[in-house]
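What follows are several structures.
Each of the next two complexes has chain A plus one other chain: chain B in the first, chain C in the second.
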Partner chain A sequence: MKKRKERIDRGIKVRSTDIFALSSWREMIYLALPRLLPIVGCLMLPIVLGVYWQKVLLSVAVFALLAISWDILAQTGMVSLGQALFFGVGAYCAGVLNHYWGVSPFITIPVAAIAGGLICTLFLLPVLRLRGIYFSMVTLIIPIMLVRIIEATKIFGGTEGLSGMTPLPSKWVEIYLIMGVLLTVLFCFRRMLDSDYGLVLKGISDNDRSVINAGINIYWFKVQSLFIAGSIGAFSGAFMTHVYMFVGMPVFVLDYSILPIAAAVVGGPGTLAGATLGAFLLVPMSEALRGFGGLRIVLYGVFLVVFIVALPEGIFHYIQRKYHQFERWVEVEK
Partner chain B sequence: MFIGTTIYALINTAILALMAIGFNLTFGISGIANFAYGALYVLAAYGVWMMLNLLHLPYLIAVVAAVILNLILGALIYRFVLIRVRGQGISEVIATFGIGLAVLEMFSYFGWVGFEYTLPVLIDRSYIIAGTYVDMQRIIILVFSIFLILGLWFFTHHTSIGLAFRGIAQDERTALTFGIDSDWIATLSISLGAGLAALAALFIIPLGSISPGEGYDVLIKALAVCIIGGLGSTGGVVMASFIVGFAERFTDTYIGSHWTMIVSLAAILIVLIVKPSGLFGKQKELEERI
Partner chain C sequence: MSDTQLLKVDNLSKSFGGVRALHHVSFDLKPGELLGVIGPNGSGKTTLVNLITRFVKPTSGTVWFKGKKISHLPPYKIVRLGVARTFQMVKPFYNLPAFKNMIISLYSPRMKQLAGGRYGDRDAVALDLLEEVGFERDAHVAYKLAGALPQGYLKRLELAKAIALEPDLFILDELFSGLSLAEVASIVPIIEKMRIAGKAIIMIEHRLKELFRIADRVIVMNYGEKIADGTSKDVMESEAVKSAYLGTEAD
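Let's look at the complex of A and B:
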C-alpha cells in the first residue's frame, strides 16, 4: 500500500483570501495576524528589551535590511557575495559628509543612501551584462579590494578611519528610525515584488532571454534593482556610522557579506519576509555565541550548506505552508 | 632592476596560472564555480603540515596522501552537496561558498597562523640569473606550471576521459547520448580541481606560510585571473596570468606594493567593460571551453 502526502488549502484561507468576503472575526484575524505580528513586534520589542538587547536589536534590523537588499538582487538573478560593498560605501558616504563638512545625521543618512546606491550601481555596471556567476565573483572581490585601496591611498583616514561622528539625538530615535525603515522597506518592497514590476524582475532571473523577447530592456531593470538594493544597503551602512560614531575599514569585513546571505537562505529567499525572519533568528543567536569568537562564521557556513541542501525553501515558506494548508497521507490510486 | 623584475614577473605569472588552473578546469567542464577552492588549497597545505610535523611521515608520502585526500574530498563535495543543487547557479555558489567559509574560519578559529606553519622547499638552493637572486623553488614552480599546462592540454585532447570532459563541456545532452555519464564527469571535474588546488599549495606555500587568509587570497586571485582570461578557457588563464603577473610585479617595483591589488581590480573592470566575456571567453559561443 503506497501512500503519498496531500496538501490542501485550509477552508479559512480559501474563504478569506480568494473570495474577499470577510464574514467573521476569525477570518479577519487570520488575514491580519501575519501582517500585524511583525509590526507590533518591531514596535514593542524596543520597549520590552533591556539596554544590551536593544543594541542587539539595532544590528538585527541592520542585518535584516542587508538581507532584504540581498534578496531583491537575488530575485533579479544577481547573487551578491559582497553586501559589505553596499554597507561600506554607505557608511563612508555618511562618514565623509559628517566628518569633513559637519552635515547633520538627518541629512547625511538619506543622502548617503541615495549616493551610496548610485556609487554601487556604477561600480557594478560593467558586470551587469554578464549572467549569474560573474556577478557573484566581482561582488566578492570588490569589497576586499576597496579595503586595500583605502589602505594604499590613505584616503578618508586610511587605516585609522574617521571618528567623532555626530550621534543621533537619542537611543529612542535610533531604534525607532531603523525599525520604521525596516518595516517600510519590508512591506513596500514585498508589494513591489508582487506587482507587474516585480514580475519583470523575477522574470529576468527565471529566463532573461524570454524577457528580452518580450521587448523589455533587462539591463535597465537590472540597474534599477541594483540601485534599490544598493540604497537599502547604503542606508544601513550610513545609519551604523552614526550609531558607532566611527567609520573605517571594518565596514568592509566579511560579516556584512555573509550574515545577510545566511539570513536570507535560512529564512527563505524570495519573500523578503523570510530574509527578515532569518536575521531575527541568526543575529541574536550569533550574539549568544559571542564567546566562541570566530566559530560563529563557521556556523553560518554550515547553516548555508545545510539549508541549501536540506530545506532550500527556508523557514518562512515552511511556516507559510503550514499556516495556509493542511497535510494528510492518502493512498496512491492504482 | 628591469631584468630582475621581469624574471620575478614571469615567476608570478606561473604562480597565478598554477593557482587558477584548478578552478578554471572545474568551471570549464561542469559549469560549477567552486568557491570552496581556496579552502581546499589551504586544507591540503595544513594536511601536509600535520602529516609532516605531527605524524612525522616522510615528505613524499605526506604529499601523495594530501593530494589523494583532496581528490576524494572534492568528489564527496559533489556527491553529497552539489548533486542536489546541480544546475541552480545560485545554490551552487552559496553551497560551495558556505563549505569554503566553514573550513577557512575553522582554521582561523584554531589560530594556526605563524611562520612555523610552512612547508619545506623542495631543493634549498638559489642561483644568480642576470644579477638577480632566484631560489630553486621559484624555478621549480615555473617549470612545473609549464609542464602542468601542457599535460592538461594533452590530457583533454588525447585521452578518453579528457575527451569526455570536453564533450560534456561542449554540449551536455549530446554527450549523454554518447554514453558519457555527466554526473560522473562532474564529480571527476571537481575532484580534479581540488587535486590541482592541493598541487598548487604544495609548490606555492613553501614561499610563504600557511594561513586561512591565504585561502581567500587564492580564491580571489583565481577568480581575477579567470574573469580576465574568460572563464573556462585554458589559453585565457595563461594570457591573464601574464597580464596580472607582470602588472603586479611592475607596480610593486616602480609604484608601491600597496597598489598591486588596485591594478588587478582596474584590470578586471577594464576587461569587463571592453570585453565582457573575458579575453578568451567563449561564454556566448557553443565552442569548446577547455
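Let's look at the complex of A and C:
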C-alpha cells in the first residue's frame, strides 16, 4: 500500500486568520508568539549574557543584517557574492567622516548608511543588466579591487587604516542600537516583501519578462532593491567602525560575503526571518568551535552540509510549517 | 502616417546570426481591427511580435504606434503606451496563486496614467478580472497556485494580465494552441467583447477555422516574409498560401 504525507492547516491557524482571531487568549497568543518571541529574545539576551557573549551577539546582529540585505537582493533576482562591499563601504564612510571631520557616531552611522547605499548602487549600476552568475562575479570582484586601490594609493590610511574613532557612549547603547535596528529592519522589510511592491520585486527574480510586460521598468526596481540592501549592509559596517574604533582593509574580507549567504541558506531564504535565524545559529556556533583550533573550519563545514542536506528548505520554513500545519499519513489510491 | 492607423509596421527585419527570421515585413492596422497572422512553424510570427513590443531589437525597420515611433523605445514604455501582449509560452509566476499573478499587472504605471484608472483593492480587482476570463468564482480556482493550474487556465491568466493593462492594442501569440475546442469556444466571446470595446487585436494562430471566423483581415507569413494580406476569404483562396501553408497542415 502506497502512502503519502498530507499536510493540513491547524484549526487554530484557520481560525486566527479571520475575525475569530480576537475571541480567545489561546488564539491571540498563537498569533502574537512568532512576533513576541524574537522581540523579547533580542531585548533580553544582552542582559543575560556575559561580556564575551555580548560581543558575539553584536557580531550575530551584524551578520543577520548582512544576511537580510543579501536576501532582499536575492528576492529581486540578484545573487550577491559581495556583501563585504556594502559592509566595507559603510565602514569607510563612517570612518572617514569621524576621522577627518570628527563627526559624532550618531550622525556618521545614518549618513554612512544612506551614502553607502548610494555608493554601492552606483558601483553596481553598470552591471545591473547582467544576469545570474555574471552579476555575482562582479559583486565578488569589486571589494577585492577596492582593497587593492586603498593599498596602492594609500588613501584613507592605506594599509594601516584609520584608528582612534569615537566609540559609542556605552556598551549598552551599542548593543541596544544594533538590536533595535535589527528588529526594525526585520519587521519592516518582511512587511515590504509581503506587500504588492514586494510581489513586483519577487516577480523580477521569478520571471522578469512577465514583469516588463506589465509596463514596469525592472531596472528601476532593481536599483531600489540595491539601494535598500546596500544601506542595510553599509549601516552594519558603519556601526562596527565605531565598535572597533578602527576601519581598515579587513572590512572587505570574504567572511562578510560568505557567512551572510550561509546564514540565509541555512535559515531559509525569502523570509528575512530565516536569514536572521541563520545568523543566530551560525555565528555562535563558529565561536563555540574556536576550541578546536585548525579543525574549526572542517567542523563548521560539516555542520553546514548537515543542515543543508537535512533541511534543504531552511530552518525557518520548517519551523513555520510545523507551527501552522500538522501532518498525517494517508493512503494513496491507485 | 495617417490618423486612421493605429499601428504601422514598416520594413521590419531581423536576423539571428545567419537565420533570416523576419524579412522586410510591412503592414498597418486600423483602430478596432482584428488582424490574424498565420504561417507555418518557424515562419517568424513570434519574432514579429517580439519586434513590435521590442522584446527583441530589430535589425532594421520602424514601428509606429498612434503616430509615434516606438521601435527605439524599451519594452516597458511600449506597454505603457497601450500595447499588451501575451506569450506563446505562458509566463506565470508559478509559486503564486493565480490572483496574485494579476497584482503585478495591476501595479503597472499604466494604471496610474489612465484617467479613472482602477484604484483601490488590487486583490478584488484581480478576482473580478479573472472571473471575466472564466475563472469560476464558486470553484475558487483563482486561489490555486499557478503551478497547479492546467494549460487552459494559464492561457486565460495570460489574457487577463493583458486585459488588466487596458491596452488599445492586444497582441495574442497563439492563445488557442494547446486548448480543447470547448475551451477555445469559451474564450472567443471574451475576444469579441474586447472588439466591441473598440480594441485592436493582432492574433497569431494555428487554429485557422476559429481565426478566419473572427478576423477582419489575415496576413500570411512564410520563411520570415509576408506572402499574403487580405480578407480571410482572399487569403484562403490564394495559391501562394495553399502551397506554403495549408498544404503542410492537416488542420
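We adopt the following convention: the second predicted complex is superposed on the first by the 309 of 334 C-alpha atoms of A that agree within 3 Å, B and C clash if a C-alpha of one lies under 4 Å from a C-alpha of the other, contacts with A are read in each partner's own complex, and residues count from 1 in each chain.
We take it that contacts are C-beta pairs under 8 Å (C-beta built on N, C-alpha and C of every residue); 3 or more make two chains touch, one makes a residue touch a chain.
On a predicted model such as this, the values are computed, not experimentally measured, just so you know.
Once the two complexes are overlaid on the shared chain, A:206 sits against chain C while remaining clear of chain B. In the superposed model, A:136 makes contact with chain B only, not with chain C.
After overlaying the two complexes on the shared chain, residue contacts for A:173 are found with neither chain B nor chain C.
Of the two partner chains placed by the overlay, neither chain B nor chain C lies in contact with A:107.
Looking at the shared chain after the overlay, A:37 reaches neither chain B nor chain C. Touch criterion met: A:152 reaches chain B, while chain C stays clear of it. In the overlay built on the shared chain, the residue A:79 is in contact with chain B alone; chain C does not reach it.
Legend: residue contacts after superposition of the two complexes on their common chain; A:28 is shown touching neither chain B nor chain C. Legend: residue contacts after superposition of the two complexes on their common chain; A:217 is shown touching chain C, with no touch to chain B. In the complex of the two chains, the chain A residues touching chain B come out as 74, 79, 81, 126-127, 129-130, 132-134, 136-138, 140-142, 144-145, 148-149, 151-153, 258, 261, 265, 292-295, 297-298, 300-305, 308-309, 312. Chain contact summary for the complex, chain B toward chain A: residues 27, 33, 35, 81, 84-85, 89-91, 93-95, 97-103, 105-106, 108-109, 216, 219-220, 223-224, 226-227, 231, 256, 258-259, 261-262, 264-265, 268-269, 272-273, 276-277, 283. Chain C meets chain A in the complex at residues 53, 55, 74-77, 79-80, 84-85, 87, 91-96, 100, 103-110, 122, 161, 165.
Looking at the complex, you find that chain A touches chain C at residues 196-197, 199-200, 202-203, 206-207, 209-218.
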